[in-house]
Amino acid sequence: MLPTTPLVPPFALTRASHVSLAVTDLGRSRDFYRDVIGLVVTEESEDAVYLRGLEESAHHSLVLERADEPRALRVGLRVRTEDDIAAAERCFAARGIEHRRVERPHQGATLQFRDPVGTHLELTASMDLVPRKMQRFDEFVAGAPQRLDHFQVVTHDVQAATDFWTGLGMRMSEYTAKDGTDELWGSWMEVKGNTHDLVFTNGRGPRLHHFAYTVPDASALLHAADVAGALGVGDEIDRGPGRHGISNALFLYLRDPDQHRVELFTTHYQFIDLEDEPIRWDVSDARRAQLWGLPASRRWFFEASPFPGEPVREPLLHASPATLEDYLGVH
Amino acid sequence: MLPTTPLVPPFALTRASHVSLAVTDLGRSRDFYRDVIGLVVTEESEDAVYLRGLEESAHHSLVLERADEPRALRVGLRVRTEDDIAAAERCFAARGIEHRRVERPHQGATLQFRDPVGTHLELTASMDLVPRKMQRFDEFVAGAPQRLDHFQVVTHDVQAATDFWTGLGMRMSEYTAKDGTDELWGSWMEVKGNTHDLVFTNGRGPRLHHFAYTVPDASALLHAADVAGALGVGDEIDRGPGRHGISNALFLYLRDPDQHRVELFTTHYQFIDLEDEPIRWDVSDARRAQLWGLPASRRWFFEASPFPGEPVREPLLHASPATLEDYLGVH
Amino acid sequence: MLPTTPLVPPFALTRASHVSLAVTDLGRSRDFYRDVIGLVVTEESEDAVYLRGLEESAHHSLVLERADEPRALRVGLRVRTEDDIAAAERCFAARGIEHRRVERPHQGATLQFRDPVGTHLELTASMDLVPRKMQRFDEFVAGAPQRLDHFQVVTHDVQAATDFWTGLGMRMSEYTAKDGTDELWGSWMEVKGNTHDLVFTNGRGPRLHHFAYTVPDASALLHAADVAGALGVGDEIDRGPGRHGISNALFLYLRDPDQHRVELFTTHYQFIDLEDEPIRWDVSDARRAQLWGLPASRRWFFEASPFPGEPVREPLLHASPATLEDYLGVH
Amino acid sequence: MLPTTPLVPPFALTRASHVSLAVTDLGRSRDFYRDVIGLVVTEESEDAVYLRGLEESAHHSLVLERADEPRALRVGLRVRTEDDIAAAERCFAARGIEHRRVERPHQGATLQFRDPVGTHLELTASMDLVPRKMQRFDEFVAGAPQRLDHFQVVTHDVQAATDFWTGLGMRMSEYTAKDGTDELWGSWMEVKGNTHDLVFTNGRGPRLHHFAYTVPDASALLHAADVAGALGVGDEIDRGPGRHGISNALFLYLRDPDQHRVELFTTHYQFIDLEDEPIRWDVSDARRAQLWGLPASRRWFFEASPFPGEPVREPLLHASPATLEDYLGVH
């Protein structure tokens, strides 16, 4: 069932902001994100590395934290002001959603919570400001990622996730549904006026499927692939380059040393006007996933990063996405 | 003096929307925007041609109207809902700004007005929906412009324009000021979360300096230049390709058959967080205008499209931008 | 065993020139090469369509001929002058290679022959001249292919093919060999100073694996893929985009309506100096085939176009290239 | 008068090879070519720096030599074998052209000479081999120049230069001539099958106007411009980006710290077939110089690097190229 987004949401979400990952070899992961992806290292310590895209003035959009096991720790969203943090607390309290204020380095007031499908999140209203590097073209490396754009989460209940997040002010821009029904299999939702900030797709979840940085153009995306090859991790491209039907992204997916997945992409479109209807794709329409080329492999479809301590649940809807293995007849 | 943007503006502006131009040869202008720029013709009649960018679902972002004299007719902005049109009426009435509701083809409720520096504008909350063409790659032509992004207006009083528009909710992302002062010479203001929707620069005004479409990448921008050359209008590129310091745009400016100016550009950055401060550029810093290459010529600096019946006033601030002619020592 | 190229060959080969294909639906194939690939139609009749790349001044580099069965008809090479045709006749006569002079429309003196591994070929010294279209940027479509560059032929005996063609003046630029030996599995040979004009790889042959056009850049290559998707033949991309280790090509392979295969590529390198040694790749080195991303599928490895009436022979060397199916089966 | 190229030249020229420049600050010049252009430093000593393009297997294509005054020292061409060096000696002796064998580091047999218009040149048959870096994408910087492609020399007598070089086997691909005549003002000549290796244009000479490296695509070319801007030498772009009519190059010209000029370009075309006629451009046709955008400034037209001790002569033909200054003066 398609959701409704209230004109006046309970608090003002503004954008996808940052992600924290537990990684098992901090130096190796830093090298990957700096040298193969092209992020800027803002700061590093014994236990954490903070990175950002080239145009970002916020202190970090990616936090790597030293750990024994690889996990997706938190998906971070921005709210407009500290008042919105307070409003979020009231909203969550009213809805019975557990939450807590925390201190997070280089962030203003921060509120952590789990959404109804178990995604681990945090909201913050501000971060330390650092210089935008977008005109230090001499420092551009690999994909020259400009900014964090969105997250994709695998969930056992896309409908519940969609209802929750649209209720908080996100708008659905595109969705996949079982043919002939409005049974949601995937939900692309945005709050910042482009194609999406947060995506939920059907599967064993909650697990973080990927986080995505926008790159300046197709050449940057291909250069990242070439650099990955040159640095010996060309096998860690687990999909692409290709063109999604959904969102129109030209995409490249890579796996980091702990198998967390990062997407580089370009050419999303603008989604601002209220009269714009979400674009529907039948699950059976292979063009939703790619306009050309081969389907994604099982590795892309079924591997994702769990959140710490969060049980992974079987999906309510039983689907078998058409994988590359199916396409090729491999068993 | 730097302006303040209220957290709750009188009504909800959402984005730069459309521009109407008076042109003297409708067919020739249509051909230019379709074949040299690459816009899609949504509809044409005896007296008007409606065009849009490839990803736009709104009926038009450019309206060409048959006329005896070339003029910039109106700069169009979107508001969120029809209620915002009503709120705008109340706001303008309270401030003594003349305005009127009009019927405009393919637009919902539309409110026309002149801002305090004489710019002719209209607000609308909706347009007829048409298919997005962004995945009809087989129909891409020339620059493959994706969407209208912003307007630049020359004004005699940048401070007044800035105060008015920030008062309506626009935020300043960058500005130029006389060295050592906050005397505003140029003001870049946004409402949709990227670098700007509306720009005012110091000069004889009000006149429309240009309107701008975003293109997918540098290759598209160069292809537009090559197509302009192939179609015999290579002389009508009056600046670029180059890289602005302000906004980080890779730009190309072209003049249409009536000498209206259109910009194609790529790689603006995101500007959403409230803690982001506007970037200041001294007027004397040539890098504000281009990070490399030659300055713009007088033609680019001093030619612009007047609005019908609107007197052009001498600027309050007397400045001489450093032109290409100055740079080369030509007199 | 590595071959030796004589400093003074028996006649002067100059470049890969053209290919003739038997197609079962002339209009459909023309549409594919014109609209999806972007070739220029020089001329068409009831029974044949002549096409060329945008920069080519020669009448055709691709000839489609109406037929009941899809076949690769002939691979065409240029020689320097008509005297070289006569010299080729003498050379073939001396070596006992069947050959015959034929009249071919829009070609000068033309000599047809079969090489020792059964490839059907023709040599010509000249063609009708037509305008180069490389500056008609307004007519560029899809991949904007600039010129035919090379052919790849599957053969049962790479060593024999290599010996023959290097004896005629081609130089080997790269090769694949069984690990630890010089047993040739693939041979890349050039005569025009870039990476290759003619390639032989081990397999059931003779069959034409593909012919290749060079495109201006990566954006053109991706645009071809996007256009293929938009025109409903996105499934006919049977490999890529990707980066070959051999030749450094950024590649995209497409299948035409009869399943003939065409490659679009960019960024070969120059190979002119006599001291340059051919680059060796072990067959077991997956990087020879792609520097990043997934291996090619069986479809790409094993499907190719036979020549009319020419028996297909089992390869002398028994190899199993590591296919995508293999790769996925073990993961 | 158009020249004739003999089918069998006196010796086998194969390609533009290398250039030696006298520079006044070796470190600063090295930094420029490495960081702003993107060349690879093969070797450096107290007195010289050797650089090459990313795909080049030859030891150097650019030699910087420490000196008190900036000069173009030598333009280098390759011949096929050492026998061709000997043949060149015989040829020059017969024609009364002074020449001498010299030892040059990392080069095989090398023959230095002055051509009839005073250009300082050297021929060599071989160089030390070094690894091609074209697949070290992680080391690509700025324009990622792949290989040296051609030289342009200003001469007082284009006809004499053209006659000499075509007599040695170069073929004219394009030329400029006074309208309605075959009086040569510029001569583009090739020997390696693309658009040109050596260009002579009319003016005060002999002086080296520029040497040119090919880049992978338009994005690389623009990235070089952006890097130049970021490194504070954006003013040293003295022309472009733009598209030449002659040669179809998308071009960018930069001046090094001593004001030697280097071109980065892409998309030349193939010129191999003997039936191809040189393309003629009238001097009055502005499209010969650029298909779109502004003309080049006097700085580009009139500044060039003299050869040591070589008197600069006034041109036989008196021409005033239409400069940017002229263009702006009349507008």
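We call the chains A, B, C and D, going by the order they appear; numbering starts again at 1 in every chain.
Here is the rule we go by: contacts are C-beta pairs under 8 Å (C-beta built on N, C-alpha and C of every residue); 3 or more make two chains touch, one makes a residue touch a chain.
This one's a predicted model, so the numbers in the text were calculated from it and none came from an experiment.
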item	value
Chain pair showing more contacts of the two, A-D and A-C	A-C
Chain whose mean Cα position lies farthest from chain D	A
Chain A and chain B: spacing of chain centres that average the CA atoms, whole Å	32
Separation of mean Cα positions, chain D and chain A [Å, integer]	49
Whole-Å gap between the CA centroids of chain A and chain C	42
Two or more partner chains touched - positions in chain C	135, 217-219, 226, 229-230, 291
Parts of chain C lying in touch with chain D, wherever the complex brings them together	7, 14-15, 55, 57-58, 78, 80-81, 126-127, 129, 132, 134-135, 146-147, 192-193, 216-219, 245, 248, 266-267, 269-270, 272-277, 291
In the complex with chain B, residue positions of chain D that touch it	217-219, 222, 225-226, 228-230, 234-235, 237, 240-241, 243, 250, 287, 290-294, 297-298, 324-325, 328-329, 331
Residues of chain B defined as touching chain C within the complex	35, 135-140, 142, 217, 219-220, 223, 226-227, 229-231
